Amino acid sequence: MKTLTFLARSGPYGSSKAKALLDMVLSAAVFEQKIQYIFLDDGVYQLLAGQDPALLAAKNVSAALPALELYGVDQVYLDLDSLQARGLSTDQLLIPASTCSAGDISKMIAESDMVFSL
Amino acid sequence: MKTLTFLARSGPYGSSKAKALLDMVLSAAVFEQKIQYIFLDDGVYQLLAGQDPALLAAKNVSAALPALELYGVDQVYLDLDSLQARGLSTDQLLIPASTCSAGDISKMIAESDMVFSL
Amino acid sequence: MIISLVIHGAPGTTQGAQTALTFCRAALAADHRIYRVFFYEDGVHNANALSVWPQDEYDLNAAWATLVREHELDAVVCVASALRRGVLNAEEASRYEKTGVSVDPAFDISGLGQWVDACLNSDRVVSFGV
Amino acid sequence: MIISLVIHGAPGTTQGAQTALTFCRAALAADHRIYRVFFYEDGVHNANALSVWPQDEYDLNAAWATLVREHELDAVVCVASALRRGVLNAEEASRYEKTGVSVDPAFDISGLGQWVDACLNSDRVVSFGV
Amino acid sequence: MSTLHIVNKSPFRTDALQRCLALVSPGDSILLIEDGVLAANLSTLADSLAGRDVNCYALSEDLVARSVSVADTCIWTVDAAGFVTLVCEHRNSLSHG
Amino acid sequence: MSTLHIVNKSPFRTDALQRCLALVSPGDSILLIEDGVLAANLSTLADSLAGRDVNCYALSEDLVARSVSVADTCIWTVDAAGFVTLVCEHRNSLSHG
């Protein structure tokens, strides 16, 4: 088993990056690897409750989040600094995520076999 | 005749944007429009002398610059603030360009029929 | 008013092509005239007829082709951008001995001169996906 | 060492695909083993066989296809990324009734499972064009 | 004789909004679209615009998609039809790359 | 047990380098490639790295292409072969998007 860390750093609809990383996470989960899924920078917007991209003809990127645990992705983290820098708070989020700091993320990266960032 | 303003804001080899904007400028020149070609932000790197992208298997974006005047593109400007913010000076440039300020650029934009930025 | 659009972004990868489509529909609904839609750089992928979108996703390629046909829009794909991205019509596919035609016939393939012409003949030109 | 590459960028539009090619050659020259090159998102355009580059420009599509053949590399194009971008093999072109085959046969089309497999079987995985 | 500045990038990841603010003239307008709307809930944006005679708009479809609210009364929301109107009301438009 | 941080974006246009600097640990290395090499002639980069036990490299092919020189002796240049060596010498790599 390998430790794979995913840094979700992009907002949800401006590009396909959020969805592309989510698909990587779910694929790795099927192979039962150890996964650390970290939302930071604009990636914290992926976690916001109340997203409604119907008028963009896009799928709701956050719809898959509640199912992450079913897929065995239970290590989901949120960079608190990124959230606060954007004027957001944890009670606006769709799913609970363990808050972490840049120092925590550095440690998780150091303990990973591979790291992917989108 | 229309006044078309082009804002070259990207470095020369990280993307195709510099070349794409240059092609627009040259096409507009063929149709003998009034052209204002302004290098600002990372676009100032397009003007640096001594570029050698052979090892990137890319064409030298700056090679076309000396021919701009032949095409009738004689209004070429350079944002001095952008240059200085990057630790560069005008004597490092391949072609002479009139230096300008953000205020000058604002005025040129205001007097344009259309503006393109890449 | 007479409006033209320049589209730089591929469908799906960035949002610009979708924004442009919505803008184009709104402009038509407000009885403006769309002089031309010019697809440049990665924007040419909007004219790719080989794209296959998942059933549960919005097919932006089909949406563009439909809009162009319904409103008889002048939709032009930049030839220099298209060739290097493998967006080819029958003539080019044959000339370069390629295994397929990939551009939707609702779109014309032509040069940047068509973009200049759009600038000269439009009141406004709006760029998307830069 | 055993190294795999993940390529996110289209040829030409951003520099990542070219950087990856140079890296891949250097790794092979240093006698490392390339386990797999995985083309994801816009990276799938590197496998497009319909691309026509100008005579005086470097044909990155041809360069990838040549490198893959010469070193018998395992080059995999992500199927979900490829379908929506019109990068199709003969089977898909026929199934979806499309007018052409666009993937270079040097590349396989498969799923993200091949990327996970590359992670499991490589010492290093390097991403380009993100 | 004014310009519609269109910003489609996140203010947190790129300098697009900042560079736009350096180039706006009195009488110009700014329209935030796509990831650009992430600036709409920044009070610092309102501060930057104060006293400059620059109107600021955010595209409602993009705000709703992202569940982002507008922080300040000085930022108006417009839909796609309003986007078209803004384009027509200004002499030219500048999509900041 | 260290990470090779790969930065390919201009420090003037995006926050990629800044975010990289927030995540580097002692013993990690930074490799500037593509438009990332535009940071190589910034004296501020050397300042940010001072005393942090972080090595910084810039890809020579990208420096030469852009005619950009390296400001400080604390930034080493490597070619593609050196890039491969750096990947092998570190436990993992992180391409900062």
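Observations
Letters A, B, C, D, E and F name the chains as they come in the text, with residue numbers starting at 1 for each one.
Basically, contacts are C-beta pairs under 8 Å (C-beta built on N, C-alpha and C of every residue); 3 or more make two chains touch, one makes a residue touch a chain.
Keep in mind that this is a model prediction, so the values were computed, not measured.
The set of chains in contact with chain C as well as chain D comprises A, B. Listing every chain that touches chain A and chain C alike gives D, E. Averaging C-alpha coordinates per chain and comparing to chain A, the farthest chain turns out to be B. Taking the mean Cα position of each chain as its centre, E sits at the greatest distance from chain D. Averaging C-alpha coordinates per chain places the centre of chain D 26 Å away from that of chain F. Chain B and chain F have centres, each the mean of its CA atoms, that are 28 Å apart.
Put simply, the C-alpha centre of chain B and that of chain D have 33 angstrom between them. Touching two or more other chains at once are residues 12-13, 15, 22, 41, 57, 80, 124-125, 127, 130 of chain D. Chain contacts: chain F has residues 8, 12-13, 15, 34-35, 61, 92-93, 95-97 touching two or more partner chains. Across the assembly, chain B contributes 10, 13-16, 41, 55-56, 58, 113-114, 117-118 as residues in contact with two or more other chains. Chain contact topology: the protein chains form a pattern that is neither a line, a ring, a star nor a complete graph.
By the definition of touch given earlier, these chain pairs are in contact: A-C, A-D, A-E, A-F, B-C, B-D, B-E, B-F, C-D, C-E, D-F, E-F. Those residues of chain E whose C-beta lies close enough to touch chain F in the complex are 12-15. Within the complex formed with chain F, the residues of chain D that make contact are 1, 3, 15-16, 19, 22-23, 25-27, 29-30, 32, 123-130. Of all residues in chain B, only 2, 4, 16, 20, 23-24, 27-28, 30-31, 33, 113-114, 116-118 touch chain C in the complex they form. Interface residues of chain D facing chain C in the complex, by the touch rule stated above, are 10-13, 41-42, 45, 48-54, 57, 61, 80, 83-88, 92-93, 96, 98-102. Residues of chain F touching chain D in their complex: 6, 8, 33-35, 59, 61, 79-81, 83-85, 87-88, 92-93, 95-97.
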